[in-house]
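Structures given as structure tokens follow.
Look for subunit A in each of the two complexes below; its partner is subunit B in the first and subunit C in the second.
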Partner chain A sequence: MGINFRKETFRDDFTFRNSPEHIRRFPFPFHEDAYMYAVNIEPHVPGPKGSVLEHGIDVDEHYVSEMHDRALVLAEDPLRCQSLPHMTLAGWDLLELLMTSKAESYPEHFTLNRDGDKWHWINRPLGIDDRFTFGDVSTLPYGPMEYITRQSQGDFCILDQRDGNLWMDAGIVTTQADWSLDFDIGMNFFEWHAPVPLAHEKGIFTRALKFLTNIQQGAPARRLNWTMTINPRLDTSPENYHKWGTDRATVTPENVGQKVHLRVELQSFWRLPRSNALVFPIRCYLIKMDELVTSPKWARRFHRVLRDLPTELADYKGLSRYRPTVLEWLSQYDDGAATSPGFGPD
Partner chain B sequence: MSAGTSKIDVTVTDIVPVNELVKRFHFRRTDGAILPTFSGGAHVVVEMRDDDRTRLNPYSLMSSPLDTTDYTISVRRDDVGRGGSLFMHNRVKPGQRMVISNPVNLFSLDLRARKHLMIAGGIGITPFMAQTSQLAGEGGNFELHYTCRSEALGTYADVLQARYGRRIHLYHDDRDEKLPLEKLLSSQPLGTHLYICGPAGMIDWVRRTASEAGWPSETVHYEHFAAPQPGKPFDVTLAVSGKQIRVGEQQSLLEAIEAAGVDPPYLCRGGVCGQCETNVVSYDGKFLHNDHWLSEEEHRSGCKIMPCVSRFEGKSLVLER
Partner chain C sequence: MTAKTILSRPVYGTLSPQPGKHHLFIADAEGAAAILDMANSAPAGFFADAHIMFVPGATGTKYVEPLKKLQPAQFYEGPSIASALPRLRQTLATAHMGLRVYLSGTEGLIGQAMQAALEAGIDHTSIQTEQRGSLARRVQCVHCKGITENVTTQPATCSHCGLLLLVRDHYSRRIAAFQGVCINAEDPTENPPKEEIFR
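And then the complex of A and B:
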């Protein structure tokens, strides 16, 4: 049985919502009733059937609409997709990874036929049927990274590895939590993480870099990150801050359930074979407060996490302004009962 | 879990004597599928089951990254080494099944380079076989300077000259031909990156000369797998696992730890990647550090050791393993 792709929007009238099955598979990021940074990286091995971790690259009911939203962002601002000249080979690596993964995980929606370097790619949900020569940029309508990431949910950063560091030298970024590829392009790991509070002092980035530079072929890794977003807007970019920044002032006790979203990023890390670069897919999942509280455990736990979050983190994540209103609303779902360990909704 | 140890079952499909010291081994996947794509400069760790002991030796992949129906490595026989090369030369036969790691690249090309200048000594030619294939396929700009003892021992010199003609420069010790290093390094276009693979003395010489000629360190890349050296046996206490082990004359400390059933992470097994770095709890004696990972200060501190290549002489050594 294939995926039932929803037709919905992430701007203007904001018709995005999750089906009941997708609420259950939401990657809730808190395994306990508190949150602090940690190097919470684990091997990216397949997870339970039906979960967002079942396949290495997840495709869900929002796929077609998310790809439409990406096309709108790119049409307005082509600099959301950039690749420095030495990164084309890594782009082909990424194209291979995403096509083989999708075709294997979702054969009813995607098909890849390879005859040497003559490739035939069929993407049924988006109505794409293309033949091209692997390695020959002139046979695709875009560069290899842009071509395949216009057909893949989530942002993608391709990090060149050299001099014991990682360099943000290519990427496509249209569903981001307030950071800019155009600003970060060419920066190294410490430079692009410079604005993050508290974590530098804990030595987290030094340890994380050591781990990431040692990621090997065939052994990808993953972690979860989170923030909150007002309205189900994928493109919360600095470039468009004037369009969404003021949304934060519109939260009222009456509209928390529909307007306020927990935003979770499933970040994974893969060694690319030809270029020896790392690709870093950042997949964004949104859930409305009304949807979240259908799980009593998640409602209790998120109330406690948000209540006890250090001020620096609340400021960095941009949620200080509406935190009291959301806390007040969530408190009606927190009776003080104990929560079970682990991420699941019970 | 040891990083980089996801394994591949392979079958030896061919063994080709290249000259009196070097044999080439061809591997295919036992299940018939194609092998993982890799990048020029990558190595695999080959598991050698030698009666009661297991050796894990890294070898550069020298086949073209553009064709992964098989992997090839070349092994130079070392009659006074710890026996890994002798095992490969004498015990491995066509048709034999072996286990290798996924490819790992610690000697990657810098794809920003306008030109790749490669300097090889002896069997250090092997990673350049793969890198030149990769670059030639992309129309890349490279030049290779290769020193060897004699024409007969110039492993693959003929193959490289046939493929790339004047981009290959050979220097034979027995004809007293010298690599004009200073001239070479002072006459390169801006944006050139330098790659060195060969004996330790050669790597040091080229790095020093490049540094004196003003080459930025970011443009100088080298691969130096220090093979573990044999030495006097010594005893070690593993504090975390509560084990007493003896490191044999022909065994590395890492191998002895593994033989005791403890599984530290590793990638290169040659003292460069840093994965197996181990804390010293206490010691009474002298460290024989052979790695290129720890700083001189760390070597002097007596707090850390790289068990893949380094040894110990003295009364007692307790490690955090």
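And then the complex of A and C:
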């Protein structure tokens, strides 16, 4: 059975929503009633059938519409996709990873035929049928990274590994939580994370870097991160902050359920075989407060997490202006009952 | 002195003579004094293999003769950083192994000369730097991408698109600039006063 791709928007009239099945598979990021930074990295092994972890690279009902939104962002601002000159080989590595993964996980939607370096790629949901020569950039309409990531949900950062550090040397970033690829490209792991509060002092990045530089081919890892977004807007870039920032002042007790979204990033980390680079897909999942509270456990827990979040983190995540209104709204779903351990909705 | 704030913000040291075959100094304004101070501890004949590029700015003629007295193999005096950059790029492009680079003066000078050195393939950690004089910042507007020079206030107005920018400590060596982000994006009626803090 194939995926029923929704036709929806992430701007203007904001018709995005999750089907009931997709609400149940939402990657809720809190395993307990509190949140603080941790090196919450684990092996990226297949999860339960139907979950976002079933396949290494998840494709869901929002795929076609998200790819349309990405094309709009890139047409407006081509600087969202950049690759330093030494990263082309890693781009081919990524193309291979994404094509083979999609074709294997979703054969009804994607097909890859390979005869040596003559490749034939069919992407049915997006109506793409291309033959090209692997390794020859002149045979594709874009560079290899841009070509395949225009067909893959989530942002992608490709990190070069040298001098015991990771360097943000290529990426496509159109659905980011408020950071600029154009500004951060070329930075090392500590530099691009420099604005994050509290975590440096806890040694989080030193330990995370050690883990990441040791990731082996065939053994990817993952972690979840989260923030909140007003309206189901994918492009919450700093570049356009002066255009969407006013959204944050529009939250009222009446519109919390539809307007306020929990935004979860499923970040995974994969060693690439030819370039020895790491690719870091940052996949964004959105859920409306009205959808979230269909799980009583998630509603109770998210109320408690948001209530007890340290001020520095709330400021960094940009929640401060509307946090009180959302808390008040969520409190009606929190009767104080205990919540079960783990991420699931019960 | 510049304070250590976040990890992307550059930290500067004190110039000291490095082993090498050639020595390239780029300085502006009070940065000349860093070269003169370093010269006191340099071995005899050190400047015979040196090239000094100097942009005096508001210091006028004060440092020009003292620098010339060091008897560098080449001495250049330029009216602005921008006017010095083509010569710097050419010098770096034709440089040989054993060149050492020393940058001193304002963050804008250090940043732009560092940017040229990085583009020439020199590792940033091998470059000697010393901040002297004004703490005015180069700021890239994250919205329009224009760079505003000599920013001394917080917040600051983008000289290209006119947005009022919060000047962050987040710094890009590749762009040689701090990041500016619209400070009143969530409520454009807010108009926080400008304070002169980067002097």
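The criterion applied here is as follows: the second predicted complex is superposed on the first by the 346 of 346 C-alpha atoms of A that agree within 3 Å, B and C clash if a C-alpha of one lies under 4 Å from a C-alpha of the other, contacts with A are read in each partner's own complex, and residues count from 1 in each chain.
The rule is short, and it goes like this: a residue touches a chain if its C-beta (ideal position, glycine included) is under 8 Å from a C-beta of that chain, and two chains touch if they have at least 3 such contacts.
The shown structure was predicted, so the numbers you read here are calculated from the model rather than taken from an experiment.
Q: According to the stated criteria, A:D60 is in contact with first (subunit B), second (subunit C), both, or neither; which is it?
A: In the superposition, A:D60 touches no partner, neither subunit B nor subunit C.
Q: A:E239 contacts which: subunit B (first), subunit C (second), both, neither?
A: In the superposed model, A:E239 contacts subunit C only, not subunit B.
Q: Touch test for A:Q161: subunit B only (first), subunit C only (second), both, or neither?
A: The first partner, subunit B, only.
Q: Counting only touches as set out at the top, which of subunit B and subunit C does A:G218 meet: first, second, both, neither?
A: In the superposed model, A:G218 contacts subunit B only, not subunit C.
Q: With the two structures laid over each other on chain A, which partner does A:P43 touch: subunit B (first), subunit C (second), both, or neither?
A: first
Q: Touching subunit B and also subunit C: which subunit A residues?
A: In subunit A, no position sits in both the subunit B and subunit C interfaces.
Q: Write out the stretch or stretches of subunit C touching subunit A in their complex.
A: Interface residues on subunit C, with respect to subunit A: 6-9, 140, 142-143, 145, 163, 168-170, 172-175, 179, 181-182, 185-188.
Q: Which bits of subunit B are touching subunit A when the two form their complex?
A: Residues of subunit B touching subunit A: 1, 3-4, 6, 36-39, 41-42, 65, 102-105, 108-112, 134, 138, 218, 267, 273-275.
Q: For subunit A, which residues are in contact with subunit B within the complex?
A: 43, 85-87, 89, 93, 96, 160-163, 210, 214-219, 273-276
Q: Give the list of subunit A residues in touch with subunit C in this complex.
A: Counting only subunit A, the residues touching subunit C are 79, 180, 182-187, 190-195, 200, 238-242, 244-246, 248-249, 321.
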